[in-house]
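Following this line, the structures themselves.
Shared between the two complexes below is chain A, which has chain B as its partner in the first and chain C in the second.
== the complex of A and B ==
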C-alpha cells in the first residue's frame, strides 16, 4: 500500500515538473514584460561605477574641450538599436556641447539619417548651440569605405553640401576643418559592423583617436581593437551610456533604463536557474 | 562578341580596379590620388544607383506576389508596396526635412515599429533561457557561467552582489574572448584575401555572369 502511495506521489510530482518545464511561453513573456516595464516607475539608478574603457572615452571629450578641437560622431544606428545607442549619442552630445566642443555628425545608415539629424538638433537646442557654427550634420552617404578614406584627405572630397543642402564652404564650422587631423576624437555609434570599417579604413591609415559605442551583444567583437590600442575607448550597451551619464553628472535615458535592464537580466538568470533545477529533478525521478 | 562583353570586359575592369586600389593604399602619389578622387565619386554614384536597382527589384517581386492569389502573404505584400510608394510620394511632395510629414511618419511610425520588433528579442531570450539553457556538459557549464557573470556585470546590481563579478566579466571579455575573436578575425581576413584574389585574377568568374556559371 505504502509503495503504491509513493508511486502515486512520484507520478504526481513528475506531472507537475513536466507542466512547469513545458510552461506556456506566454507566461514567461508576462514575467518578462513586468520585469522590464515596472522598474520604469522606480527611481533611476544614479550611482554607477565607471569602467576604464568608458572613462577614457569621457577623458578624450574633455581633452577636446581643453585643446579647442572638434569631434566627429558617426550616427550609424537605426531604430532597431535605438534603445541602447541613442542614450550614448545623447550623452556624448550633451557632454560636448556643455564643454563648447564643436560636433560634426555623419551617417552611413539611411534608416538613421532623420534620427541623427533630429537628435543633434534637439540636444543643440538644450544648450543654445547654432547649426553650422557649433555643430553640423553632414547627412547620409553610401559607400562608407570610400568616404572614410576620403575623410583622411579632405572632407570636401565626399561632402559637397550638408544635410540641409548648405554648401560645405559656406559652413563656418568647417572653415578650419579639412580631415581627421582637425578632430580630437572620432566616435562611431553603431549596432552594425561599421565600427570595424572606421578602424580598417581610418585609424590604420590616418591614426586618430577613435572610440566606438556599440550594442552590448556585439561588444565582444571590439575588445581586440581596444587591447591593440586602435580603439581608445568602448561603450558597450546601455550600462556604458549610464556610466557616461554618471561621469557627466547628467541624468539621461541610460540611467533611467538601468533599473529595467537590471530586472530584465535578473529575470532571465532566475529562469535559467529554475529551468536547470527542474531539469535535474525530473532526470533524478526518471532514474528512480 | 556577347561573351566578350559579358565576361571579358567586366573581368578586365575588375582586374584593373583591383590592382589600382591595392597600389593606391600603399602609394600616396598625387597622380594616384587624382584617379582615386574621380573613382570614389563614381563609386558613390554607383552606390546610389544600386539603391534604385534594389527599389525596382523589390517593387517587381512584391507586385508579383501581391497579384498571386495563391500566396498566403499577398496582403502583407500589398501593404509593403503601399507603404513604400506612399513614403516615396510623401517624401517627394513634402520634402524630408524637420517638421515634414515624411519625417513625422518616420519618427512616429517607423521608429516605434522597428524598436518594438527588436525589443521582442528580450521575450524570446527569456523563453529560450528557461527551456534550453541546460547544464548538461562541462562546456555547457562554462557557457552558462560566462553568460550569467557577463549578464550580472552589465547591471549595477552585479557589483553589489560581489565586487568580483565585474572583474571576472572583464577578464572573460579581455582574455578568452579576445583570443577567440582574434582567431576568427584572422581566419576571415585570410579568407577574404583569397576570395578577392580569385575574383581580381579571374580565377572565379561566376560573379561576372550569374552565380554558378563559369
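== the complex of A and C ==
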C-alpha cells in the first residue's frame, strides 16, 4: 500500500515537473512584460558606476570643448537599433552642445538618415544651436570606404552639399574644417560592422581619436580595439548610454531604461535557475 | 494620450508586430509587409535625394560636368544583370568594385591582425594588481586559444591541457556574448514599451 502511495506521489510530482518544464512560452512573455513595465511606474533607483571606456569617451568631449575643436558623429543606425543607440547619440549631442562643441554629423545607413537629421535638430533646439553654425548634418552617402578615406584628405571630396542641399563652402561651420585633423574626436554609433570600417580606413591611416557606440550584441567584437589603442573609448548598449548620461548629469532614456533592464535580467536569471533545478530534479527522478 | 497621428500609426504597428508573440497571424504579416515596402521606398528616395541628384544629375545637367557620364554609363551597365542574354556586361562595373575592394585586404590585415598582435606582445603589466591580472589573462587567453585552434600536433599532455584552457576561455567569451545579447534584446523591448507608455499613452514621463 505504502509503495503504491509513493509511486502515485512520484507520478504526480513528475506530472508537475513536466508541466512546469513545458510551460507555455507566452507565460514567460507575460512575466517579462511586467518586469520591464513596472519599473517605469515605480521608479526604483539604479546606481550606475562609470567604466573607464565610457569615462574616456566623456573626457574626450570635454577636451574638445577646452581645445575649441569640433567633433564628428557617424549616425550609422536605423530604427531597428534605435532603443540602444539613440540614447547614446542624444547623450553625446547634449554633452557637446552644453559645452559649445560644434558637431558634424554623417551617415552611411540610408534607413537612418532622417532619424539622424531629426535627432540633431531636436537636441540642437534644446540648446538654441543653429544649423550650419553650431552643427551640420551632411546626410547619407554610399560607399563608406571611399568617404572615410576622403575624409582624411578633404571633406569636400565626398560632400558637395549638406543634408539640406546647402553648398559646403557656404556653411560657416565647415569653413575651417578640412579633414580628420580638424576634429578632436570622431564617433561612430552603429549596430552594424561600420565601427570596424572607421578603424580600417580611418584610424589606421590617419590616426585620430576614435570612440564607438555599439549595440550590446556586438560589444565583445570591439573590446580588442580598446586594448590596442585603436579605440579610445567604447559605449556598449543601453548601460553605457546610462553611464554617459549620469556623467553628464542629465537623465535620458538610457537611465530610464536601466531599472527595467535590471528587472528583466533578474526575471531571466530566475527562470534559468528554476528551469535548471527542475531539469535536474526530473533527471534524478528518471534515474530512480 | 497622444493626439499625433504618426505616434498612433507607430503604436498600432508596434502592437501588430507584438501580436506575433501570441502566434503567427495576418495582422503581424500586414505590419511585416508594410515595413518592407516602406523601407525600400524610403531607400529609393534617400538614394535619389542624397546621392543621385546632388552627385550625378545636378552636376551633369546644371554644372555641365560631362566627365560624370562615364560613371553614369558604368552604373547603367550594372542593370544588365537582369538580362539572361547580356548579363555578362554587368561584370565590368563589378570588376571596378571588386578591384577597389582589394584595397581592403592590406588595410584589414593591418588593423585587425598586425595591430592586435602588436598590442598583445606589448601588453602593459602596470603597477597595480588588476593591471597585472588583466595583462596575464590577455596573454594566457590569447596563447591558449591559439593553441586550441592549432591542429598540426595532437592535443595531448601539456598541449592538451592548454588547449582545454583555451576552449574554456572561449566558452566564457561565448557566455559574455550571450549575456550582451540578452541585454540588447531587453533594450529593444524597453524601447518599444517606453514608446507605448510615454509617447503614445502618456502614462509615464
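What we mean here is this: the second predicted complex is superposed on the first by the 284 of 288 C-alpha atoms of A that agree within 3 Å, B and C clash if a C-alpha of one lies under 4 Å from a C-alpha of the other, contacts with A are read in each partner's own complex, and residues count from 1 in each chain.
As a working rule, contacts are C-beta pairs under 8 Å (C-beta built on N, C-alpha and C of every residue); 3 or more make two chains touch, one makes a residue touch a chain.
Note that the coordinates shown come from a computational prediction; the quantities given were computed from them, not determined experimentally.
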- Task: Could you tell me if A:245 is touching chain B, chain C, both of them or neither one (first, second, both, neither)?
- Result: neither
- Message: If we overlay the two complexes on their shared chain A, which of chain B and chain C does A:83 touch? Say first, second, both or neither.
- Response: both
- Applying the touch criterion given at the start, work out whether A:32 contacts chain B, chain C, both or neither, answering first, second, both or neither. both
- Which superposed partner A:256 touches (first chain B, second chain C, both, neither): second
- Message: Tell me the contact category for A:142 with respect to chain B and chain C: first, second, both or neither.
- Response: both
- Query: Which holds for A:220: it touches chain B only (first), chain C only (second), both, or neither?
  - Reply: both
- Message: Taking the superposition on A as described, I'd like to know which of chain B and chain C A:268 touches: first, second, both or neither.
- Response: both
- First (chain B), second (chain C), both or neither: which does A:134 touch? neither
- Could you list which residues of chain A make contact with chain B in one structure and with chain C in the other? 29, 32-33, 36, 81-83, 110-111, 114, 141-142, 146, 205, 216, 219-220, 224, 227, 237, 239, 261, 264-265, 268
- Message: Under the definition above, what is the set of chain A residues touching chain B in their complex?
- Response: 21, 23, 25, 28-29, 31-33, 36, 45, 47-49, 51, 78-83, 110-111, 114-115, 117-118, 121, 141-143, 146-147, 149-150, 153, 157-158, 164, 205, 216, 219-221, 223-224, 227, 237, 239, 242, 258, 261-262, 264-269, 271-272, 274-276, 279-280
- chain A-facing residues of chain C, complex: 21-22, 39, 42-43, 46-47, 50-51, 54-55, 59, 100-101, 103-104, 107-108, 110-112, 115-116, 118-119, 123, 138, 173, 176-177, 180-184, 186-194, 197-198, 203-204
- Task: In the complex, go through chain A and note every residue touching chain C.
- Result: 26, 29, 32-33, 36-37, 40-41, 81-84, 86, 110-111, 113-114, 139-142, 145-146, 160-161, 163, 165, 196, 199-201, 203-205, 215-217, 219-220, 224, 227-230, 236-239, 253, 256-257, 260-261, 264-265, 268
- Touching chain A in the complex, chain B uses residues 25, 33, 36-37, 40, 43-44, 47-48, 50-51, 96-98, 103, 106-107, 110-115, 117-119, 122-123, 125-127, 129-131, 133-135, 144, 147-148, 151-152, 154-157, 159, 166, 170, 173-174, 177-178, 181-182, 185
